[in-house]
Amino acid sequence: MEDAYTPVELMVTAAAREIADEEVVFVGMRIPLLGFLLAKHTHAPHAVGVYELGVVRDTPAPSSILTMGDLPNLSGASWLANTDDTMGLLQRGLVDVSFIGGAQVDRFGNLNTSYIGGWRSPGTRLPGSGGACDLACLAKRHIIVMVHERRRFKKRVDYMTSPGYGEGPGWRAQAGLPRGGPSAVITTLGIFRFDEDSCEMVLASVHPGVSVETVRSQTGWPLKVAPHLLQTPVPTEAELAVIRRFDPEGYWTGSKKESIPFVEEARSRKKKNIP
Amino acid sequence: MEDAYTPVELMVTAAAREIADEEVVFVGMRIPLLGFLLAKHTHAPHAVGVYELGVVRDTPAPSSILTMGDLPNLSGASWLANTDDTMGLLQRGLVDVSFIGGAQVDRFGNLNTSYIGGWRSPGTRLPGSGGACDLACLAKRHIIVMVHERRRFKKRVDYMTSPGYGEGPGWRAQAGLPRGGPSAVITTLGIFRFDEDSCEMVLASVHPGVSVETVRSQTGWPLKVAPHLLQTPVPTEAELAVIRRFDPEGYWTGSKKESIPFVEEARSRKKKNIP
Amino acid sequence: MSPSKLVSLSEAVSRWVPDGAAVAMGCAFEALIPFAAGHEMIRQEKKRLTLIGPISDILFDQLVGAGCVSRIQAAWVGNVITGSAYPFRRAVEEGRLKVEDHSNLTLAMALKAGAMGLSFMPARTALGSDLFQTNPGLKTLTCPFTGQTLTAVSAICPDVAVVHVQRADALGNSHMWGNLGVTREACLASRHVLMTAEEIVDSEVLLSDPNRVVVPGFRVSAVVHAPWGAHPSPVPGYYNRDHEAFLDYQKQSRTPRGFDRWKEKWVDPVGKGYRYPELLGKDRMEALMIQHRRPSVPVDYGY
Amino acid sequence: MSPSKLVSLSEAVSRWVPDGAAVAMGCAFEALIPFAAGHEMIRQEKKRLTLIGPISDILFDQLVGAGCVSRIQAAWVGNVITGSAYPFRRAVEEGRLKVEDHSNLTLAMALKAGAMGLSFMPARTALGSDLFQTNPGLKTLTCPFTGQTLTAVSAICPDVAVVHVQRADALGNSHMWGNLGVTREACLASRHVLMTAEEIVDSEVLLSDPNRVVVPGFRVSAVVHAPWGAHPSPVPGYYNRDHEAFLDYQKQSRTPRGFDRWKEKWVDPVGKGYRYPELLGKDRMEALMIQHRRPSVPVDYGY
């Protein structure tokens, strides 16, 4: 038998565990979408999912979905409405937790999904914010999901698409943001939390088989480690069964490599038309 | 044979004639509601009706209606939506003409439907603006429909619920209003227009049997009269037939007296439950 | 399954409309006015309520007449087919009631701001009017892009929005149709939503058409089965407007004593078992029911 | 009767999308993206367009690749299930394309401001972010009531909103269902609305359910019958998302030459007679069609 689970399945499981029952979750694409579905089927059956395209649903989609706009995600939804309706819930402070991904993150949890190399003359243009900036500004807390590489974990992001703690303590309130901030970063190597006083990202849990040294070597600033470092729990069989029910072809979770489709980059995976 | 038409029928006809074909009309209650229905059935078949409760319709209601919220006015409407949708059309400058009523009007066409005797210690509290203030501020032009009495036609209104030309030329732009102003006042005695230079109300047409002297005596400021004073044309038989089809019991138009239900006051009419 | 939110009218009003609450009602303008819930507030002798709504078509007047109200934030208070309403007039003229004067658009914007989690919304209406004199929630503002003068409308976030809908399930999912006025904004702006419904139906009916849902079920605190709960206002799909009731009320409420007689007849006898339809009588209900059906052509939400 | 607005796709695009126009598209996010109309703009070799939309899921990328676009006002441009889109990247990195960076909420507010006839709308998002560096339509503002810092989002009023709907009549009445995103705002904010529809139906179907109408017919300038006109994006009630097409496009558009080959296959052959469904083929269409029907329970608009 090969690996019992893929790296992405571990991350999906970690994402799901950040959701408490009855929470209102603003669900992003890809890993968070699966993480939300997993949470709904395990410990958080009363969680409510909110999607930026104007969807609220509190039951799982009746069939596997590849994107939040797939028709099974609309069928039997609790509410089909407009972007300003679901964004209104968010801005009004009714969303407990949201998930976003990024191409670059820094020690204060600021994210860049827009311009690598600065916006005046970008080396690489990425797709942009989508709803990420809104989710980072307005949810009660948000969770970042990323590939962990040194070029992505920078002391300072090239462009701040989605604010974390900005330049540190007090920055968000000073900017006018009403609440929130990142509560965790789930990467291909570990799980990070933020120090309450310094607002700095701290390694809280390493994934099985990953050393602290490896994490440090892939991080572009002197990384702090929590006093009681944990090891990320592996997915249970029940959890894996749910994930595979919703991603039957392994489109999102199948890769054994640490390149995840979540990241905004071209991939060279076998293409399948998932029904 | 008694009178061939009632005073209110004359006013409804005059209101209808202010509507051109294909215009977008923000329809108020009572006389304007009938005026719009009359116009649709005569010279303005492509006029579109917009109602503040969130209704747009371009066909007549399938049955007689007493208020804009009566179910026949919703059945087969072109659009049932929200107040901010229809008010958005208005604020965006897409409404050609609107109709409003008032308890007091002044020489610059400002209207009061809120407080008689000043708001600090009102002698009489009236119902308030409803959509009237919005219609007066935001339609390309608006038409005022009122009972003509000296206590109502004041030099200066006690409270400006719905702006006309304010204090005269340039006032609307100065206040920040994007367009519009009253284009006519239809009363129980005549029809008034506004002088382009002075923005002052001018008598343009007297109703049959009404003298200029009568109008002057019922007006609280030195009234100007147009160089070519007209006499208000009486309703045609075809027009009367349409009015009576939509107000079969004469609820709005039946009164022979000059008290009109349009005005925000208690009336002592025979009550009927119009189906 | 989530727990049922289905409760009796008296329980819902007792729990979600405390004395002093700010209550949004009548948000669909002339239709779907929650008269049943409002009358229960009268029976429970609520005090110092703030009432919020665009026009209220006699419901606000009735609550004012019963002494429940100390403040109104509205564009218009009266009786749509007759004009002024007496108890409201008396209360303002005697200085017993504070009114914040809105227009329909400024009230819609105040609730929209609340719904969107904003402290204000801009508008181009009311500029130069005296509404600024009698509404502290209106100020002028300079647009940061154009330099033009605009109206800034302060947000309104009611404690509870009381809405009447056509059909709901026990979890707070519901369908509402017809003109919606400011209902959507009021529900989203409010801390709680108290929903009365003509019919309680299976969740499947509601999930069959999610675009028809005005507010997601998780935002609803209580659901009450209240057939004829919006009478005498009209309910699309259920019954027409009862003009006679509006005219009768106008006549009876001319004096405080007449108002009391109206209340004794139409409000007081309805009890915990809620038997308003019996009070209304079969003949009257039949006369108001839908005579000409016009069903919607279905759409498909399959995959 | 009003005159019919039903025209051919080529006529509609020729008349309502001139070179240099500001065009809102893809306003329902992942669904109902007007690919047929966008491809017609490519065939007509439109120049210097400004494209406006929240996310565009490859349609914007295709127009950029074809050289039609000089400016984009959007929150996200790419391929939803793969990430970045190559022609867009190339155009920005080579300095050929100007981008004004929005978030989904700021874009929604920009269109909402346009729809409401306002010069701006406030928001609480984006504060402190670098979106302010790359979008001249964002400024900070102090709330006149609370003194708090807010984002002011400048209005966007497109020349034309291009929308795909499920069913429409020749007069511009239409029904749209599913998630609507910013469609309502885009239609109301735009000077003109160009509507493509899966089906042209009798007006009675549309008037049977006026709450389902997104924009009143009098605001619509042209109606085009374009079955499969949103493929490969999904259309509730008609067909599912064609994931394969998105993946194929991603692969083919990696190089400018590959993009041209994609265009030669999928865009160029469609002509004035509009035979995209033939190009797609019966098997592929059948595989995408709705398998599990879920019809809405009707409501009644009678009286």
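Descriptive notes on the structure:
Which chain is which? They are A, B, C and D, in the order written, and residues in each are numbered from 1.
The definition used in the following text is that contacts are C-beta pairs under 8 Å (C-beta built on N, C-alpha and C of every residue); 3 or more make two chains touch, one makes a residue touch a chain.
Note that the coordinates shown come from a computational prediction; the quantities given were computed from them, not determined experimentally.
The chains that touch both chain B and chain D are C.
Considering every other chain in turn, the ones in contact with both chain B and chain C prove to be D. Using the mean of the Cα atoms as each chain's centre, the chain most removed from chain C is A.
When the C-beta contacts at A-C and at A-D are tallied, the pair with the greater total is A-D.
Taking the mean of the C-alpha atoms as each chain's centre, chain C and chain D sit 36 Å apart.
If each chain is reduced to the centroid of its CA atoms, chain A and chain B end up 57 Å from each other. Centre-to-centre separation of chain A and chain C, using mean CA positions: 41 Å.
Chain A and chain D, compared by their mean Cα positions, are separated by 27 Å. In chain D, the residues touching two or more other chains are 117-118, 123-124, 148, 150, 177-178, 180, 184, 208, 211, 236, 240, 290, 292, 294, 301-303. Shown for chain A are the residues in touch with two or more other chains, namely 62-63, 70-71, 74-76, 80-81, 84, 87, 90-91, 138, 178. In terms of which chains touch, the assembly is arranged in some other way, matching none of the line, ring, star or all-to-all patterns. Under the contact rule stated at the top, the pairs of chains that touch are A-C, A-D, B-C, B-D, C-D. Taken in their complex, chain D has these residues touching chain A: 28-31, 54-55, 74-78, 80-86, 88-89, 92-93, 95, 99, 101-105, 108-109, 112, 123-131, 133-134, 140, 148-151, 177-185, 233-234, 236, 240-244, 247-248, 250-251, 254, 287, 290, 292, 294. Looking at the complex, you find that chain B touches chain D at residues 24, 46, 48, 56, 58-59, 62-63, 70-72, 74-81, 84-85, 87-94, 138, 178.
The residues of chain D lying in touch with chain B in their complex are 2, 114-118, 173, 184, 188, 207-208, 210-211, 213, 215-219, 301-303. Interface residues of chain B, counted against chain C in their complex, comprise 29, 51-55, 62-63, 66-71, 74-76, 80-84, 87, 90-91, 114-115, 119, 122-134, 137-138, 159-163, 166, 171-172, 174-178, 261, 263-267, 271, 273-275.
Chain D contributes residues 117-124, 137, 139, 141, 143-146, 148, 150, 152, 154-155, 166, 175, 177-178, 180, 205, 208-209, 211-212, 236-237, 240, 290-303 to its touches with chain C in the complex.
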